[in-house]
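Which chain is which? They are A, B and C, in the order written, and residues in each are numbered from 1.
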Amino acid sequence: MRHVLDIVDLSKEEIETLLKRAEDIIDHPKLYRDACRYKKLATLFYEPSTRTRLSFEAAMLELGGAVIGFEAGTSSSTTKGETVGDTVRTVSQYADVIVMRHPNDGAPYAAIQRTEVPVINAGDGGHNHPTQTLADILTIYKKQGRLNDLTIGLCGDLKYGRTVHSLIRALIRYNNVRFVCISPKELCLPDYILQLMDENNVEYKITDRMEEYMADLDVLYMTRVQQERFDTRAEYERLKDCYILTTDKLLTAKPTMSILHPLPRVNEIACDVDDDPRAAYFDQVAFGKYMRMALILELIDDAEKGNAAPERVKILTDKRCDNPRCITCREDLKPYAVNGKSGLRCYYCEALLK
Amino acid sequence: MRHVLDIVDLSKEEIETLLKRAEDIIDHPKLYRDACRYKKLATLFYEPSTRTRLSFEAAMLELGGAVIGFEAGTSSSTTKGETVGDTVRTVSQYADVIVMRHPNDGAPYAAIQRTEVPVINAGDGGHNHPTQTLADILTIYKKQGRLNDLTIGLCGDLKYGRTVHSLIRALIRYNNVRFVCISPKELCLPDYILQLMDENNVEYKITDRMEEYMADLDVLYMTRVQQERFDTRAEYERLKDCYILTTDKLLTAKPTMSILHPLPRVNEIACDVDDDPRAAYFDQVAFGKYMRMALILELIDDAEKGNAAPERVKILTDKRCDNPRCITCREDLKPYAVNGKSGLRCYYCEALLK
Amino acid sequence: MRHVLDIVDLSKEEIETLLKRAEDIIDHPKLYRDACRYKKLATLFYEPSTRTRLSFEAAMLELGGAVIGFEAGTSSSTTKGETVGDTVRTVSQYADVIVMRHPNDGAPYAAIQRTEVPVINAGDGGHNHPTQTLADILTIYKKQGRLNDLTIGLCGDLKYGRTVHSLIRALIRYNNVRFVCISPKELCLPDYILQLMDENNVEYKITDRMEEYMADLDVLYMTRVQQERFDTRAEYERLKDCYILTTDKLLTAKPTMSILHPLPRVNEIACDVDDDPRAAYFDQVAFGKYMRMALILELIDDAEKGNAAPERVKILTDKRCDNPRCITCREDLKPYAVNGKSGLRCYYCEALLK
């Protein structure tokens, strides 16, 4: 564990360690409140994400550490043309661990090339957001008492929902986890995720009606369906209410089911549901903070021990990545590739190279 | 004392407690410098207010606590459509006390509906700004030695000046406080404030000339007269200099008079006046910090004791608030009313419901 | 030492003290980590400068102190028309030392008129930036072991490069320091700097080719050449590569030479050079932090002892400064002058008064 850029950078065992540590923090917060005294966290937010930023800042402060950083619109070095690599290398002179949010896919992989300080990816475009998944996992674990033997409903925008993909990739490593995919056809899971579930013999069902398998679910993971994602306005009008969770739709649900949402919500969960004991999304906020505390502790500890992460094997290539959101479209980076499914993929954003 | 959204949320006794506490902090700052160790204050500024934000941050730091938060333009959750209620409930997982500034009248009343953490209103549109009034009160108390038996000049924009209204509402609870209202006719006090003074048998005089009662004043509270508030440019040109305080105009003033201003000033107090011993407006800045320290301490203390505030009785209504600046115009909130002067008023912004 | 607005506000002896203190901090960081406990630094950034701001914040945090402040675009008092003097006087109620960055030349001189708290200039327009020069000096001292007997190459935009002028003004006070000025003719050093070197019998050479004196250099100080600074695009195309440092151009350089750059760079130093042991620009970042720690410590210490700085003698004048970037163009300030080279100069921005 050195940098955490993708949820699968963490093994099942490492996630187990983080879960145990987070639980210990929850039970004994005072034991940790000076754990990072004299340490500094840098939050480099190239695009705004108040919730994620405040969660990391609260996490570091509850460990007794301090925080520096910038937010979108306040970073001048970037407007002056500095690369993320130079910024991160500069900031590594000021901080013990760096948290980075960036609008371009793969930006953190460009950032870590020359830094000695552990970097946490707090979201890179539509690519990864591993600490949201850590929050989701702890919430499921605390609410359901296990990560095996679960039926998990995923509802809303499953096509573009980065948090959904990441959660699936994390949970297919556990035993007997089944998914119910609830979305309009336009917004169902991308092929590579379906393929991944097939390869791992993970059972899943697909529906466009939230109520259909409601009674089976241990977890209902809600996400927002944005109007602009539909083909036509008529289609949006026809379907939009299907993906709004109301107390009515919960009638058949198990009393022990947990409702999760990465937040912020707009209207996809009615406010009445907030009072239902199954609503877990505000607890999820707190659990996210505790998992970030656990992660910061582990990374600083590892860095002090000099533990280096095994870097991903990268290959110099002459193919250009044609993902328009890739960091390589913004910065002049060495064209590296990694061996992946269906051939060479961009080292940074993991898009297939053609 | 649980949330402080309006100066009249604080009884005379509670204000007395805060004054005594602030004085003790001034006299013995070292006794307080670890009082909030391991506590966090969140500053949620939906519109910028550097002065108020820095005052709260300095206050919390001088109590040994830490600060997280956001400023206008840096909050992403809001642009994503999150309600103030959801934001405050989320942030309540990260902080022990929340300070909130919002451009819409009544926003903090929407925000507190589901939060367990004490909320302080740091200004909601043209509605309330109770901690400015606390700063004003401590300044008067420290400079004049009392809050009874005072003649207080209020000068400038008395129509829209939120701080002036709030100061009047706070001080009419003391004995023998008289007001001299100095403003152009267009900008005199609103009827409901005049009515309030009448009902409380508070003596007041109205003039459009600053010098007229200068010799009587114990306190001169200056505010800015903005050009756009006048009916015509000619009217503005004719009157503007009347409301600029110069050393000349102070010739007849008592040597013990105190000049207050909520700041920032533009030109309504000439810089020469800064050197006059009666100028109290920079001391007022420091006093504001000490009152905020006292308030944060009280609220955290109360929250730890589990003291709940008596919530205002609210009535579900079918009338819509038609104040265009009310938070109900921005968010889809339950239409609550409170019983007030002249009939039902909006629970959030206190505008009369028609 | 009270305010530090210009590098020559610090005598050679004071710089020596800061160098020794910075070295001691580097060697014994734990001895300093609570040195500013209970102290606050305010960072008032009227224009963004992420790097400088983070360096000061990291410096204060590593001394155990706390930080408040604002960044460009987030300060509301300024947009409301407050003067820098009023802002600084207000903030002096909240902080023990103030760091100020401003787009207008001379702004810090306007700011200090009524404040009791030490102010550090973190850049005022194209005028001064003394803490960058402190970073440069410590880097040279640590890498070369001395500040006398040095040949220093200055490369790039020497006309507008504020850091270059400041470095020259600081180093001409040492013995046997020679400069090699490498720039296109359009961007050579301004006359007053050449004159200053002449008056101090400082040897310098002028060239437009980086390689010409490369073998002689102990230090190569790189800066960026912006396209818009050239007279014609053809001229830019012809010259631009001359001022890009590559591994090739280093072939004749001494193995002990140090390459400095104030950062951020765009492309004026090729990334390959980063791996060369002579590359000192990321170390320079860390040295900047240590010098800022030393400076903060000295200023707070001095302020506690009540040491007042000898203020520059200023003369009331009826001449107006016609530097369009001067703070006097933005704020209505008293027209002060100082006696300088070639006659009266603006007290604020030091432009010659005509």
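Keep in mind that, in the parts below, a residue touches a chain if its C-beta (ideal position, glycine included) is under 8 Å from a C-beta of that chain, and two chains touch if they have at least 3 such contacts.
From a predicted model like this one, the values you see are computed outputs, not experimental measurements.
*Asks:* On C-alpha atoms alone, could you tell me the rotation angle mapping subunit A onto subunit B? Nearest 5 degrees is fine.
*Replies:* 120
*Asks:* Between subunit C and subunit B, is it the same set of residue numbers doing the touching on each side, over half shared, or a different set?
*Replies:* different
*Asks:* State, to the nearest whole Å, the distance from the C-alpha centre of subunit B to the C-alpha centre of subunit C.
*Replies:* Each chain's C-alpha centroid was found; their separation is 41 Å.
*Asks:* Which residue numbers or ranges of subunit C touch two or more of the other chains?
*Replies:* 73-74 - these are the residues of subunit C that touch more than one other chain.
*Asks:* Where on subunit C does subunit A make contact in their complex?
*Replies:* Residue list for subunit C touching subunit A: 33, 47-51, 54-55, 57-58, 61-62, 71-74, 263-266, 274, 282, 285-286, 289.
*Asks:* What residues of subunit A sit close enough to touch subunit C in their complex?
*Replies:* 38, 40, 42, 66, 68-70, 73-82, 86-87, 89-91, 93-95, 114
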